[in-house]
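Sharing a structure with you now.
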Amino acid sequence: MNLLDATQYQLLLSGMAVTVQLFLVAWVMAFAIAVTLVVVRATDLAPCRWLVDAYVEYHRNVPLLVQVLFWYFGMPELLPEGFRMWLYQHNAEMSLAAIALALGSAAYIAEDIRSGLRAIPGTQFEAARALGASYLQCMRFVIVPQALRISIPPLVGRALLLFKNTSVAMAIGVMELTYQAREIENETYRTFATFGAATIMYLLGSFLIMLIGSRIYDRYRLNRGGHGA
Amino acid sequence: MINLEKVNKWYGAHHVLKDVDLSVARGEVLVVCGPSGSGKSTMIRTINRLEPIEQGRILIDGADIYAKGTNLNALRQKIGFVFQQFNLFPHMSVLENVIFAPVSICKQPRKQAVELARGLLARVGLEHKIDAYPGSLSGGQQQRVAIARALALQPPVMLFDEPTSALDPEMVGEVLQVMKGLAKDGMTMVCVTHEMGFARDVCDRVVFMDGGEILEMDTPERFFSAPSHPRAQRFLADILHPRG
Amino acid sequence: MLDVLSQYWPTLLVGQYPNGPLGGLALTLILAACGLALSLPLALLIALARVSPYGWLRTASKALVNVVRGMPLLMLIFWAYFVVPKLTGQVVSGFWTLIFALVVYESAYLSEVIRSGIEAVPRGQIEASRSLGVGYWTTMRRVVLPQALFNVLPSMTSQFVSTIKETSLGYVISVNELTFAANQVNNLVLTKPLQVFGILAIIYFLVCFSLSRGLSWLDLRIRRSRAMA
């Protein structure tokens, strides 16, 4: 078993950098989209409900790879010629992969937040209203903060999944970690070393996310300091 | 100050409030009692519109609370409400719970609100817990914080919906103590409660409800010694000498 | 879109069959079914190892599960691509590579589900059995596992749908499942990527959506009949 040399490590690290970048961009977008979905859904108007539910069902039943392929090969067809050219010149792979990843994750994150919302007893809302808070004030100060706190564990799980799912972007040529690992392996045939190093990097990334997640959880969870009578 | 005129309410086919007429004068302390299911909690919740009514009028300081153009939130800021289950906000500390309404809703300056909160928490005996979270407090402590929270906007009237029913017996006393203090300071209060000792000590009038109707209204002396309505007599007998 | 579909539906449905090996949607379903079926016994073994009284076994299985779950499925597929021929000493088709990767991935996930099912069985059950003189493994087999697995079976339905989505990654190693077949169609048609990948997404959606609804209805019926038994 040969170990890798410096240039190959550099390539792997650059792949890791792309992975992290893709992850962060997609996560931020996904969260923003998810919050929008939740807010729209909460209006309880029939078309809003239908739209959001359809969105969630679509993204839960279509594989991520297919969504990425659709966005990369299919969607640009809908764009006007000029915009499409501009997109291809400006790292289309990365952007479209990020969009596909974000849209897919948003569906799951929205469901997690909605479960969090449902877990809050209606009496909290009542208590805030009894103090004279408007609907929006209730949501902003009492309901949503609690929903987010309750949702932290499943959201950390989603972040982990998103981090690993960035590997799918390699199918359209995004030079993230898995792509680089495969390229190096193809050239050098040092299978175990290359894949081993890449795997370790993924494990470190996963571990880091879990660590940050549990810190956030400890900081923000409800029922701090024991229970009341 | 508070007037309920011919208030009627239905849950589907179930007639839960029947022609309820009630008047509460400023500074008066009213205790509402009765068997469970009598509609007393429902009635008190109609006053700040947590429960809607189908018929009748509710007036606060002469204004119909269902009149067009009534600002519901402004109305509720003038009524302090204490729940049976306390309903403190678990993600906020005791201080944040109490200053929530003044600062986040009424946009008062924070410094002022914190001063006021300290005073209120001292009044309920919990100033030392000001930075604690509800999860670390006992039921009695949580309820006292809830009372302080309700007092934060300095409402002229306080409503209590069975404030001690969810507490272990040894903590009931500390909450009643706070409520007695408020009564002695001249607060207008309407309390739904089973605590007859409290009723005897501080209230001006006892209202007995059953089956959605007000069956009797008396001073505590008259009510506890010789209630006139037969159901009230039975209720008192059960409370003082439980059957079985 | 309809013309693409009408012309190429055999390719999408069954690949080159009967002029070649089975592919397309049929292969996807076979991959998912085999993958899930084979992963169940392995998941059970891993779960038992995780709760066994032998410290080394617990540590080893915990490490295995965390490593497998810490890396992307795609990475695992590449591992399988190069490790399986080395293990078996002969050339392995993409089909078996994918099955191997799917089985390992699914077992790691399922073993966690089974493990939490085992740990959810009240201690009193084990204590009662042991105090009757029943040995550890028999207790496991006759008392704990039946109760633990009772709760696992319902999630099998959603696992099947998940596995179907995971088979799409066979595209990357040229396994002729549905996504790869659609890509081949796209390479033939060339001018209608939006339609081709749109059809691909719709097929997955219809299959997964109806399966998950159908299976959960079935699951409900089974549970109702159990409750009445």
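Residue numbering begins at 1 within each chain, and the chains themselves are lettered A, B and C in the order written.
Everything below uses one rule, namely that a residue touches a chain if its C-beta (ideal position, glycine included) is under 8 Å from a C-beta of that chain, and two chains touch if they have at least 3 such contacts.
None of the values given here were measured: they were computed from a predicted structure.
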Touching both chain A and chain C we find none
Most remote chain w.r.t. Chain A, using mean C-alpha positions, is B
Centroid check, CA-based, most central chain -> A
When centres are defined as mean Cα positions, the distance from chain A to chain C in whole Å is 22
Separation of the C-alpha centres, chain B versus chain C, in whole Å, is 57
Whole-angstrom distance, CA centroid of chain A to CA centroid of chain B, is 47
Shared-interface residues of chain A (touching two or more other chains) are none
Per the touch rule above, chain B residues touching chain A in the complex are 48, 50, 73-77, 79, 81, 83, 85, 87-91, 100-101, 104-106, 132-142, 149-150, 153, 167-168, 171
Residue set of chain A touching chain C in the complex reads 57-58, 60-67, 69-70, 73-75, 77-78, 164-168, 170-171, 178, 181-182, 185, 191, 195, 198-199, 202-203, 206-207
Given the complex, residues on chain C that touch chain A span 66-67, 70-75, 78-79, 82-83, 161, 164-166, 168-169, 171-172, 179, 183, 186, 193-198, 200-201, 204-205, 208-209, 212
Per the touch rule, the chain A residues reaching chain B in their complex are 123-124, 126-134, 137, 141-142, 145-146, 149, 220, 222-229
